[in-house]
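Before I ask anything, here is the structure I am working with.
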Amino acid sequence: HHITSISQIAPFLNQENKFWLNITDLENMDLLEEIKNLFDIHSMTIEDILNNQERPKVEIFDHFILIVVKMLYTRNGIEDLETEQVSFVFGKNYILTFQEHSFDIFDSIRARLENPTSKIRKHGTDYFVYALLDAIVSEYYTLLEKVTDKIEMLEEVIVSEEKRVKLSEIYNQRKSIQQLKKVIWPTRELLSIIKKSDSFLIKRRTLPFINDIYEQTVEIIENLEMQRESITTLVEIYMTNISLKQNEVMKTLTIIATIFIPLTFLAGVYGMNFHFMPELKWKFGYYLVWGIFIATAVIMAFYFKRRKWF
Amino acid sequence: HHITSISQIAPFLNQENKFWLNITDLENMDLLEEIKNLFDIHSMTIEDILNNQERPKVEIFDHFILIVVKMLYTRNGIEDLETEQVSFVFGKNYILTFQEHSFDIFDSIRARLENPTSKIRKHGTDYFVYALLDAIVSEYYTLLEKVTDKIEMLEEVIVSEEKRVKLSEIYNQRKSIQQLKKVIWPTRELLSIIKKSDSFLIKRRTLPFINDIYEQTVEIIENLEMQRESITTLVEIYMTNISLKQNEVMKTLTIIATIFIPLTFLAGVYGMNFHFMPELKWKFGYYLVWGIFIATAVIMAFYFKRRKWF
Amino acid sequence: HHITSISQIAPFLNQENKFWLNITDLENMDLLEEIKNLFDIHSMTIEDILNNQERPKVEIFDHFILIVVKMLYTRNGIEDLETEQVSFVFGKNYILTFQEHSFDIFDSIRARLENPTSKIRKHGTDYFVYALLDAIVSEYYTLLEKVTDKIEMLEEVIVSEEKRVKLSEIYNQRKSIQQLKKVIWPTRELLSIIKKSDSFLIKRRTLPFINDIYEQTVEIIENLEMQRESITTLVEIYMTNISLKQNEVMKTLTIIATIFIPLTFLAGVYGMNFHFMPELKWKFGYYLVWGIFIATAVIMAFYFKRRKWF
Amino acid sequence: HHITSISQIAPFLNQENKFWLNITDLENMDLLEEIKNLFDIHSMTIEDILNNQERPKVEIFDHFILIVVKMLYTRNGIEDLETEQVSFVFGKNYILTFQEHSFDIFDSIRARLENPTSKIRKHGTDYFVYALLDAIVSEYYTLLEKVTDKIEMLEEVIVSEEKRVKLSEIYNQRKSIQQLKKVIWPTRELLSIIKKSDSFLIKRRTLPFINDIYEQTVEIIENLEMQRESITTLVEIYMTNISLKQNEVMKTLTIIATIFIPLTFLAGVYGMNFHFMPELKWKFGYYLVWGIFIATAVIMAFYFKRRKWF
Amino acid sequence: HHITSISQIAPFLNQENKFWLNITDLENMDLLEEIKNLFDIHSMTIEDILNNQERPKVEIFDHFILIVVKMLYTRNGIEDLETEQVSFVFGKNYILTFQEHSFDIFDSIRARLENPTSKIRKHGTDYFVYALLDAIVSEYYTLLEKVTDKIEMLEEVIVSEEKRVKLSEIYNQRKSIQQLKKVIWPTRELLSIIKKSDSFLIKRRTLPFINDIYEQTVEIIENLEMQRESITTLVEIYMTNISLKQNEVMKTLTIIATIFIPLTFLAGVYGMNFHFMPELKWKFGYYLVWGIFIATAVIMAFYFKRRKWF
């Protein structure tokens, strides 16, 4: 249901059934005030929910748990990650989720909720929260895969030297990894805290599920670390390719110049206008000079060959 | 009130009301001696307050708590950070703040104090100290943002290669980050100690507030770390740009030189003054030589093209 | 025996004897369902077994232990490592192993099982699991040796400069090391957990054996770390070799060019057609110029010699 | 007093008064043997005192405490640090200090001792040891400041490119930092151990003083770390400056060469001696060629200008 | 005594006296089997002794302690380290040492044993083991000194640029350091474990001695770390020297080329054969051209001087 006033939820409150309230209008201060009073939430908690600069974290209170996480999504490729803060407050029989935009990430959960026999309906609020967190962490996985694909693509192009890659492209991937890590590190931490918490709100039965997403975050972090190392190597290869290319350019110049500069000198010598230059009158002087030209060039070519310059 | 003699505060001492004393004249040793005796402060504590080389720290005594922090401010841009030491000593019903210059950072708190219904009046000395620390940590945030902006600006200029950046500019940012970290690391530590302390002076109700600024310092440190990595990457890009530019310069030289050096040699050959050079008498000798010139140049250009040199 | 239906194992279940069930058909969901029920395994455990993206891990339950490890093997050289997930579930008198392909890695164990007096028959399921893990860790050792050999070979070639090595070859070794580490780190961790666990399924007598393979993983990780450092050094040497080569090329060019460019200039001067050039008429002008040519060349050669350019 | 025989100190031993014995003759084994027996010191302790390769350390025994520290001093500038080992052994009413050379570092303490109302006379042996350690740590501070000054000076010279700096000068600073750290790290550790020790020889009243020098060592280590990072950056700037200079040199060569090489070719062409070269007879041929020369040079200059080469 | 059969030691077994058995024939399986039975040693312990790939380690059993360490020695200089595994098993009154080759490292201990009043005879087996470990750790110290000397020598040569050093020489030192660390790290660990163990076999009186060699290993590791940093710096200096040399070469080329290329062009111009070139007929044309040549060269030389190119 889509509700507009907080009074509409009053009847559900004291029931046995649990309910989920997704609040997307974070600027409606009156509504938040009512929620605060209705569920007896600390004012600092409300501030945490409203401040979208918050680090992912969990705070365990006596009668409710606050979880602040970050959804990551991208519209124009992995280089351009955007962040959306999602906060969960859940007690024994209610889950409140707070987000600025009503995203499609919870659609799969809504779908599962409609199935009356689904696990998500039968289990408690902690399982529900697990399902929400699972959806978010799965998104991280997708982003990790995108970054990995991009880096592997860059690697292939750089190693094969097919196309010119700008260093800033590699750099953008490093930035994406940094952003991902910045979000996933504290998420891992908060999952670890939930795992070890002994709040009555987290049932023993749910712990294996929480542990599962915790291990996923560990896995993602390890992979990000590996990708970061790959990038360092990529930059190295990139730089070496530049050096190798420059070396090749230098060699070409040196070979041409060192062969022709002495020859040009010799041609210049016999182009001098001294009145007395005996060689000029020799019958085969010209052919002799050509002989010297060719011999010099051949000898130099051999020298370069032996030095493995080409 | 602005008081001049320590005797003026005596009547407030044994009252229920708490009071705030802001001491800016740190060279008035008599005053400090009187304060020391009045509030029963350890002589080492007074030394800590006077020594402005002190690291940020907290010391928890039986009847009072000493907090030494550093205010950071800048007059001429983020490259030129200055440090000002502020010390707090607070007991059950008094707060003493010590600073060398009476800065405007506490003005917002004075303003809040004038409002008789403000939280800051109603809560205890610990909340007051929280408010002071919060004002200081907020300043750190502002500085972090300035550094981040500057680095992003540098990044944009370097990646786009629009303008020449001196490496020392990047280096100055790294220095600012280092200075910020040097101040914020121990601040984070001291907040962590306050959080965990079980002094009766820190009430349970204030802990969420302390935790909030603690988390802010964690956030700032993480961001500084990210900025530091960005700088490392910037230097890398900077160096690669130099290498790429040099490569381009080399290529230009090589292309021009390798095309024209052999041609100049050939021109030199036919500039020789041998008496017997049959080609010189050929009718189309000159045109033939031009043909050789053009053919050589075209072949070389093709060769460089195929090697993707331009 | 090769069994097709789960009912075939029922008679063994309540016996004193232990048995080993190797399940290779991970897509037969019915079979897995039956196993799950028969051995009372958590559904999350089955999911862990099926998900081949799982990190190596151990989970200790009341009546059974789950171990997920990764076998590493290579078909086309060390650069192309493949991973195969193997999961063990073992209780007091049964061991279930799950793998996608029936590999020959367990063949040695089958052979030992056929010997009726072998330790592996006499000891409990924990010893059996040790034998399986030992076979896998030995495989890691073999791979480590292959990587080490390859790196040493590369090192020799690079240091001796015999043959050209592509930087990507060094890079591939770094990747293999990364992959090995990614698998062995969590394996080490899981062995450490088994060592410290106080599950009744791990008998005190087996602990020295577990400790032995644990120490092997520590050894492998240390060696991998050393190899990683070797690679960093190799890249450094590689880059320096390029620089040294470029230096040598530059020197050759500079020597030839700086000797002949001034000489060519001088030859050009006496090739000018001014009507009044007294030197041209000198009787020994031409020989004098040659004298200057040779003297200049010799002086320059001496200069370069003194500067240790060749 | 300057004493020569151990028997001279016997009368002081069983008194209430504490006394300080500064032993500088570490080769007088008999004296050491007597001291060993008189104060009941472990033979390993004496060995620690004699071995001047010892790491700074503290050893807490039942009836005395051994502290081994290193004094650092320099005669010819910060690049040339020398180390002197000083050991303290102190019990309830005696302090023994052992050093090879009688240094002036303890002079200030002697001066304070002569003042009969000084704290150092009134407090116990632990305060005395604090005063000695404080004198040593202050020396470290002085050295830190020297290194910092030197690095800042180097930085200024390198950034401004005023003068040529040899890389080995930077390298020497790094070495000094390394040496300082090697001494200060274990000193920090030993102070931390003293702080936490519950020996009756360290009175509660002295702890804030010990803590103060402990915090100084922390401060020094942090600053050394910062200086080390500065050096890394300095080396980077140094290398970039070399690259930039080389780039500038290359550009100059390329601009001159690419402008004049084609022109020289053209001049060479019209210096050829073909009998039939129609242009040579043109009336304005010569002026036309000059036109081509100038046009080519101007066009190339524009091209280089647009590419921002100068 | 040199014994050949295990039965020869039986009479010593139940005596008060302790004895030392040095076993060098590790392939005599029967002997080992007898020893195993005689001293009641775990079969895994025997395997540890035989496997010479074992990491240094200590294992504390109820009635004996196993220590596996590595002796390092070198025959052809520090670049070529060899490893020899030595294992100690000791109980209340026996010490068994196992080594492949009977090395001279224990000779000093044998010598001390022959002195009937030596400490090593009077103290227990733990002191004996200390003496053995001390001999081995002293060897490490010697090797550390050799590496340090070699690195300092390399440093001197590289900084002074006296002789050409191959990068692989520096690299070999890094390798030696790595090998030393690989052996000493776990040795430090095992000494730390012995220090903290509460086995009745390690008497309280021996602890200071164990602590002494423990601190020596810490010292060695710190020094190795410092040497490793020195090597990193050396490589940096090495690379910079190459860059500086290349820069110098480039400058020479550029100075010569940029001075003479324009002059050669001008000489080429007046070598053209145009029928109408007025300058050629000028009386002082030739001298004028020489004037231009000299002026150009001087101006350029000034320009390069101002740019500090030479």
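Chains: A, B, C, D and E, in written order; residue numbering restarts at 1 for each.
The criterion applied here is as follows: a contact is a pair of C-beta atoms (placed from the backbone, for glycine too) under 8 Å apart; a residue touches a chain by one contact, two chains touch by 3 or more.
On a predicted model such as this, the values are computed, not experimentally measured, just so you know.
Enquirer: Trace the shortest sequence of touching chains from chain B to chain C and report its length in steps.
Expert: Contact-graph shortest path, chain B to chain C, evaluates to 2.
Enquirer: In steps of 5 degrees, what rotation angle do you get fitting chain B onto chain E on the CA atoms?
Expert: Superposing chain B on chain E takes a rotation of 145 degrees, nearest 5.
Enquirer: Could you give the separation in Å between the centres of chain A and chain D, each centre being the mean of its C-alpha atoms?
Expert: From the centre of chain A to the centre of chain D is 40 Å.
Enquirer: What whole-Å value do you get for the distance between chain A and chain C if each is reduced to the mean of its CA atoms?
Expert: Going by mean C-alpha positions, chain A sits 24 Å from chain C.
Enquirer: Tell me, which residues of chain C touch at least two other chains?
Expert: Residues 243, 246, 250, 253, 257, 261, 264, 268, 271-273, 277 of chain C touch two or more partner chains.
Enquirer: Classify the inter-chain contact topology: is it line, ring, star, complete, or other?
Expert: Chain contacts: single closed ring, each chain with exactly two partners.
Enquirer: If the ring is traversed from chain D in the direction of chain E, what sequence of chains comes out?
Expert: In ring order from chain D, with chain E immediately after, the list is D, E, C, A, B.
Enquirer: Looking at the complex, which residues from chain C come into contact with chain E?
Expert: For this pair, the touching residues of chain C are 159, 208-209, 212, 215, 218-219, 222, 226, 229-230, 233, 236-237, 240-241, 243-244, 246-247, 250-251, 253-254, 257-258, 261-262, 264-265, 268-269, 271-277, 309.
Enquirer: Taking the complex as given, what residues does chain B use to touch chain D?
Expert: 42, 44, 47, 53-55, 57, 167-168, 171, 174-175, 178, 182, 235, 238-239, 242-243, 245-246, 249-250, 252-253, 256-257, 260-261, 263-264, 267-268, 270-273, 277, 279-286, 289, 293
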